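One structure below.
Per-chain numbering from 1; labels A, B, C, D and E assigned in written order.
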Amino acid sequence: MDFPLLLAIIATPALGAVVVALLPADRPEIAKALGYVFTAATAGLCLYLLWHFQAGDARFQFVYDKPWIPGLGVRFTLGVDGISLFMVVVTGLLFPLGLLASEKYITHRVKAYVAWFLLLEMAIMGIFLTLDLIAFFIFWELLLVPMFFLILGWGSENRRYAAMKFFIYTGVGSALLLASTLVLGFLHQADTGVLTFDYRALAEWNGLTGTAEVLLFLGFMAAFAIKAPLFPFHTWLPDVHTEAPTAGSVVLAGVIIKMGAYGFVRFSFELFPQASVDLAPLLLVLAVIGILYGAIVAAMQTDLKRVIAYSSVAHMGFVILGIFSLTVIGIDGAVFTMVSHPLTTGALFLLVGMIYERLHTREIGEMGGMWNSVPVLTGLFIVAMFAGIGLPGFSGFIGEFLSLAGAFLYDRPYAIVATFGVIFAAVYMLWPFKRAFAGKASGAVAAMKDLSVRELVVVVPLLLASLFIGIYPKPVLDRIEPASERAVLNFERKTDYRSPEDSLDRRKTLREVERAEKAEAKRAAGEAAHGEGEK
Amino acid sequence: MIAAAVPIETPSVDLWAIAPIMALVATGVGIVLLRALLRRHAAVTPAAFGLSIVGLLVAAGLLVRQWNLVRDDGPLTSFAGLVRVDPFAVFLGIVVVAATLAGVLLSYSYLRREGLEAPEYFALILLSASGMLMMTTANDLIVVFMALEVLSIPLYVLAAFDRRRLRSQEAGLKYFVLGAFSSAVFLYGIALTYGATGTTSLTGIATFLSQNTLFEQGTLLMGLALLLVGLGFKVAAVPFHMWTPDVYQGAPTPVTAFMAAATKAAAFAAILRIVTTAFPQYRDDWRPIIWVLAALSMLVGAIAAMAQNDIKRTLAYSSIAHAGYILMGVYATTSRGREAALLYLLVYAFMAIGAFAVVMIAAPSPDDAKHSYDDYRGMALKRPILGGLLIFFVLAQAGVPLTSGFIGKLEIFGSVAQAGETRDYILLVIGVVSAVIAFAFYLRIAYTLVTAPDDEAALESAYSTTPRRVDGWTGLVLFAAAALTLVIGLVPGTFIHFARDAVFF
Amino acid sequence: MTLAALEITPSYYLVLAAMLFTIGSVGVLTRRNVLVMFMCVELMLNAVNLSFVAFAKALDDITGQVIVFFVLVVAAAEVAVGLAIIVAIFRRRRHATADDLQALRG
Amino acid sequence: MNSRDILDYVGIIPLLPLFGAALLLIFGRRIGEPIAGWIATGLMFLAFLGSVVALFALLDLPSEARLQVNQIWEWVPAGSFSVPVGTQADPLSVTWLLLVTGVGLLIHLYSIGYMHGDPLYSRFFGYLNLFAASMLILVVADNLLLTFLGWEGVGLCSYLLISFWYQRNDAAVAGKKAFVTNRVGDVGFLLAMFLIIATYGSLEYTAMAPAAEIIGAGTATAIALLLMVGAMGKSAQIPLHLWLTDAMEGPTPVSALIHAATMVTAGVYLMCRAYPFLEVSSDASTVVMWVGAVTALLAGTVAVMQPDIKRALAYSTISQLGYMFLAVGIGGYVAAVFMVLCHAFYKGCLFLGAGSVIHGNGDNQDMRIMGRYRKLLPVTAFAMVIAWLSIAGIPPFSGFWAKDEILVEAYAHGDYGVWIVGTIAALVTAVYMTRLIFLTFYGNARFEGGEAFDAVPVVSGGSDEGDDAHDVAGEGHGYDPDDPFADTPTVVFGEPPRPSRLHGHLPHESPPLMLFPIVTLAILAAFAGLLNLPIGNLDFLHQFLEPVFHGVKETEISTTAELAVEGISITFAIVGVAIAILIYKGGLRAPDRDPVVDRLRPASTLMGNAYYWDAGVSAFVGGPGQKSASWLDRVFDTKIIDGAVNGTAWIFRWCSRTLSRVQDGFVRRYALGILLGAVAILLFVLLWAGR
Amino acid sequence: MIPFLFFVAAAATLAGGLGVVLARNPVHSALFLVMTLVSVAVLFLIQDAELVAAVQVIVYASAIVVLFLFVIMLLGVDRQESMRDRIPYQRPAAIALGVILLAQLLWLAGHEWVTGQETASGVPIEGGGFGGNVERVARVLFTDYMWAFEITAVLLVIAVVGAVVLARRSGQKGEPVDDVDEAATEGVDA
């Protein structure tokens, strides 16, 4: 362990936040510049991570481990695998763009904005990188604070309601997550005598009985389902999206709502395999409802941001569908969607933000004819829109396709119903698009200015990235695959669930992975015990 | 004939055991003497202030010395076992002295500002603190009772100290009447316990109960119940909490800070000691009571705070909720639970003092009376550092990660989770849910501070105090409280080890 | 059985003490005058004292009586400070009863 | 470089127009007219050359070995399966390559003239190129998923092209409708792919034939039917035909390119590719067959009633596509491909001709106010007449051979029901096409200032007067905000005739640039029959495609029977033409008096309104559909789900207020609280504790 | 003799207690309090607590009650208190709670109250050669409870300081702050 890369990825934005917070308030340009420096540096570290990540290795890489809260055996354990890798990279790339998008929009209290924004990045990085459950929770909860202040300080009219709703609604989920985590840790301690919250050690432990496992699963699910957001826990999302500043929406749609899905794959699966298998139908039903329901309700919205917000509900439905298909394909697809959705929806939110900056409204009824006045914006919107709809060639399709295919393998009815979501996807995007962009331009719309170079620089890379991994997803999938294979193997090892993907050649690697996992868990447990002893 | 048949053996007196208490009492009395000597001399208040700081520092030094003594050689007992200095007592003693020091530092400029300068104020704070130290070291119910009075009576006076403000006097009176009432109940509890066991010594009770099986438990159980009522009143547990918002709101703000931080530590010292030292055999009987008190405190504190329109009052309700969390630690009955409770008391002391310190400075009108949300609107925009600090302390109390409040809650919840029975889990869920409910009012404070009224003119008038300079002493307190709150949140290791070493009786 | 032959066990005293305690506590809850409320608290303390002495007698242990001393001292100190507070308030506002003071509420 | 190597590079063909699309869509405004058009056309020409090269490379190989798959990169490797990005060059794909690039090239050329003056000129060519690229990807792909990419790509382009004049409300709506309807079909396509993944795990075409034999008839039926649903969406088969007629809102070259020549045939292509499943499953074949037959007949009857030239052609297209499906259903894959080719030529010609008419006619599409244009647009008329004869099934024009082969095969298969329906549909085809030609080019002149032409014999050739009008009326087909009918150029059945938009000018012939493609297509339409004559060894197409449809049973039919069937077809076609000529030779007595429509009431109303299917779907979607969606949004989401959330918050606030009220400031109340707590604890202690 | 004394004293105690609670004039309450205190002193006496009884009379009945009366007279509140209660349900709730509390306490009456070990401090009330009651009390006071005894000193200091601080006429600058709307709360039913 030469250079603590993952620590650096978390620490850089944190350092940035502190430095920016200490600046004098009357020099917004320095704050801004430092914001770019620190987000860009983080992005650079993320790319370095991406470059040096070993594809095909199912284990955690770049592991960093230090004791943190001794009383509870909490350790500051960082590690990255195929599932978290891309979330980290996407986060790293989204933040400089988000800042760039805020350039015009944020005119007051710039310093505070940049500081909160950097803190937000740190929290998100922490969430995706920690392997210790308590540390995970710490970042999970910490995230709410910068988000709260970003909405409150720079949101739209109804921001107080939205900020409160976001904090408290998702807080309820987190509370149950914390309770379940603690109970899990202590049950483990009661059984094995070792108090650790290292999730690898807990995953290796098989002492949970039926009801306890289900209840703990539900506790974790509360947090993840609300954050995801799974139907019927989704109503915070549109409110928050509408009120949040553009960059906040981008990050929210891009990364934050992925954390729910991430939590399911990372934690629920490994910690509660039997409950995951048993409750998969429930999750699948909710996911399918979410896909259709989110799409239908999205089509009814009159606020452009709400349309995209509800579309996120539908998209996350696909993600959950893929995850709980309990197949390698499905999980591949879900994680891929988690990578792709930030790009497309991020672009859409950015574009809506740009429209809002020009028209000062998000009401579709007050638009109309923008195709005429702002063709470049419209063009990009079309691209982003179709990428979001799931047009093959863009990244969204790959994820959706694999998720559905996985669900189809698991149990056909879910996939068949969910596939009809692709129709509604077209409806909810094209209908508002028609109303907002087609037609005759008049009044304020006619006077709109087209995108500046800065705005192009913000949006175009996202769409290009989406296009690139839509055409050549192999590098991404290759890195995701070992992790999702691991997840499925985990089920086969611990439960009597058997993946329908019989033709896989993964069974031959079964023993290999098992051995590696055992060694890993042993090491983690040993370290935890060691950590207990050293104080 | 005069000579007694049995000679009186005077008990051994270990001065180390009571040295910190003596330091505080001596300083308190010294201030009174100073007052008597200097009369109305202009320097009398600064002198009293200086003297109390010296006294507190000496007490703190002695506590550190005690810490080393008891850690190396085991607990010190003195005065025929009435005083027992163990790591537990020293830990809470340090919390008390630190909170007192903060209270004294805050008071100095406050008293000058409000025109309340009186050296007796410092004497009363120190004497109250000495009572708290007596409480932490008490090993006998009678001493607990005496200590309770020693710490309470000065607080009654201090709450009513601002005689120009009727609210302050009202606070004093209410606190006094209810305090007297509840101490009578507490005393009746002692009486019943005495009747049931024949002794008032905590260890004596435990020994008796472990050696005898009572056929008739009524007296003992009722005594125990009434003891809990009396102590529940002091820690402001629901349903004995109703004095808290009124008193916290009405009392001068530094007194409120001192009360919130120090009294809580002392009262919890008594609870922990009594239930765990004296009644370990009866844990199945008192634990459900504590369970209910904890659950009610957390829920009522969090819910009632939502509808408040006064920041001090809101913080008072928050302190009720915090009492609930600490009671969870008591409920756990394990050493982890005690550790968590101790850590929480430490952590809460700084969060509470910090928050009240900001409130003290920020009070928008020249007198310490206006603390409504409307008065604070937009404060963080006008005074970013002060407002930011208040937000920070408030979020810490809410238990946001990377603040000490989170670590405290985590340890508390962990201790309950470890207990491992269904009702423990239910309490745990109540705890975490109430923490979320509490977000609602903490965030409301944060929201109020960062929200500007819509037009600029309204902003001008909204938070319109003549910028009050933060004097050095207050600044010191603020800095220390913030730094500790943050440091414990980031690297809690040292403090957790400290609390863990302190759990032993 | 005549009255003289009746053995007055400690329970008699204790029942009496319980009744007195109850009367005192109900008094605190019902009287509006602060001074009377305070007298009711004294009733409660006396009830406790009675219990202590009765327990002392029953246990044949002088400690109970010793405790009564401490209670007396505490009562005296409380009375001194309590009356001072009442006096201070009365200076500000004549005719105050406990009910008048409800500026702090909610 | 041997032929196989050459065929490996077939993937370059779609890249050429793709490059053009990227170029024109990004830098289009700087390139401008007319260079943009020429760039696009040039790239199409290169693509066409590429296709020709591919053809020859393929012919170079022995007929059984004409299959070259080149997997370029691993596209979606996930779990148990992996989908490559690869090309497949075989006779089927090369046929389509030639078709798409060839017809596409002509339409590009045509568009240079047609789109002259449009402010979005270069964007149009960008879209056209993008469309061509998608279509080419669709056909060169070696697996279903990559085909699906092209499939969706053409969907996207059709959306963009149909709503090209986005300022028109109807155009925007039509584009949306097209895309959404196609998506309905896509569900089938996607599910078919999932089923394939679930059953044998490979989406590649080469894996289909071996797999079909092992997966069992039930699964094969399911796959085939699901693919058919997808194909129905794209090929506008009933009931998913809704979008095609509305798609006439787009510029006319688009109608020709997308809705006649190429995109709609994608469904047929897919069904041809999926032939192994159809071969295994006779149930699926039967369904496909009947879908096609019903579509052929019903769409034909609707076409008869349409007053709008483009809508009539659109329904005709649906009907013709029905024939192709019919052919696929009876196992006549080659016949279907043959039909695709011929249809592309004559329908392309017809659409472009119609465009020429509209172009010269002040953008008026209402046939009821045309008539006698033979005189004014002679070249167009000549070309369209050839195409008419071809589509009507008059020998020796290509349409006859194509349709005839299908009907003969149907008869040979013993599917007499289908054969009868097909034959009747042929009659209907002859009727509506004749009606269209006569209403447009013959009969009386019903256009503004057309009275002077009525006396002139229609067969005596035209005049050159059109040139004068050209300069004025030919400017721009874009959106004219001052025109009250600009929003709705299409005329639907039942609408009163439109006022003339000639503004005093006479209809005029189109420029040579537009005429050249029309004439070329007319020539192809005339002689395309030569590709596949059912005589001796002259069935070149059959021989060429034979190896693709490996294992398809040849149907044997006696020459007598064949001749009899052919005779019946010819008879029906001639009868149809004759009937229509009898009715329409004099044109219309008044613009709003169509004899067929009048005489066939009330059936004509039913047919003219396309059996109210479209209206019904719209009414459902717009009525109960939208209402329930709105209910979900306004009531269920806001009131119930979010209401529960806010309700919880409200309950807590209420509790909070209540607690505050209890805290009423009376010190005795607080004492009561303490005592209450004490009593409660004592109660607990006495009753429950100590047990 | 003893039962007779007990019942008389007990009756007086309860009567005094009830009198304190029920008397409408504070002065009467104070006098009833004296009655109770003296009766309790009698009860102390018959339980061999001579010293305590004496102190009870001297300190409590004399000093404390005099203090009460002094304050009552000083403040001039020797008026009839309205028996109407402003707080809804307060009185019935208080009486109900009182009844329950008493019932709970008396529940013990049927059982053994005293269960503790005898003579835990080693000094019984009689016998054992520890001298008289005063000496016995002193013995325990200055050995076992010496610490508590010392605390009383602190307590008295506090009482003095507190009383002085509060009752002092001035010493704080500034006018009374009108933080309460006095008119709104004063004399509602004075």
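The criterion applied here is as follows: a contact is a pair of C-beta atoms (placed from the backbone, for glycine too) under 8 Å apart; a residue touches a chain by one contact, two chains touch by 3 or more.
Note that the coordinates shown come from a computational prediction; the quantities given were computed from them, not determined experimentally.
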item	value
Touching both chain D and chain E (chains)	B, C
Contacts common to chain A and chain C (chain labels)	B, D
Shortest path length from chain B to chain C (each step joins two touching chains)	1
Busiest interface, counted in C-beta pairs	C-E
Chain closest to the assembly centre - both centres taken as Cα means	A
Centroid spacing, where centroids are CA-atom means, of chain C and chain E in whole angstrom	3
Mean-CA-position distance for chain D and chain B (Å)	79
Separation of chain C from chain D, taking each centre as the mean of its C-alpha atoms, in whole Å	97
Where chain A and chain E are represented by their mean Cα positions, the distance between them in whole Å	67
Of all residues in chain D, the ones touching two or more other chains	649, 660, 663-669, 671-672, 675-676, 678, 682, 686
Numbers and ranges of chain B residues touching at least 2 other chains	142, 146, 149, 153, 156-157, 160, 163, 166-167, 170, 172-174, 177, 181, 185, 194-195, 198-199, 217-218, 222, 245-246, 307-308, 437, 440
Junction residues of chain C - those touching two or more other chains	14, 21, 24-25, 28-32, 37-38, 54-55, 58-59, 61, 63, 70, 74, 77-78, 81, 84-86, 88, 92-93, 98-99, 101-106
Full enumeration of touching chain pairs	A-B, A-D, B-C, B-D, B-E, C-D, C-E, D-E
Residues of chain B defined as touching chain D within the complex	173-174, 177-178, 181-182, 185, 217-218, 221-222, 224-226, 228-229, 232-233, 238-243, 245-246, 282, 284-285, 288-289, 292, 300, 303-308, 437, 440
For the chain A and chain D complex, residues of the former touching the latter	165, 168-169, 232, 234-236, 293, 296-297, 299-301, 327-329, 332-333, 369, 371-372, 375, 379, 382, 386, 391-393, 397-398, 401-402, 404-406, 408-409, 412, 415-416, 419-420, 422-423, 425-427, 430-431, 434, 437-440, 471-474, 477-478, 481, 484-485, 500-504
Chain B-touching residues of chain D, taken from the complex the two chains share	649, 652-653, 655-657, 659-660, 663, 665, 667, 669-671, 673-674, 676-678, 680-682, 684-686, 688-690
Touching residues (chain side chain C, partner chain E) in the complex	3-8, 10-16, 18-27, 29-33, 35-36, 38-40, 42-43, 46, 49-50, 53-63, 65-66, 68-70, 72-81, 83-88, 90, 92-93, 95, 97, 99-103
Residues of chain B that touch chain A when the two form their complex	336, 339-340, 343, 381, 384, 395, 400-402, 406-407, 410-411, 413-414, 417-418, 420, 425, 428-429, 431-433, 435-437, 439-440, 443-444, 446-447, 450-451, 491-493, 496-497, 499-500
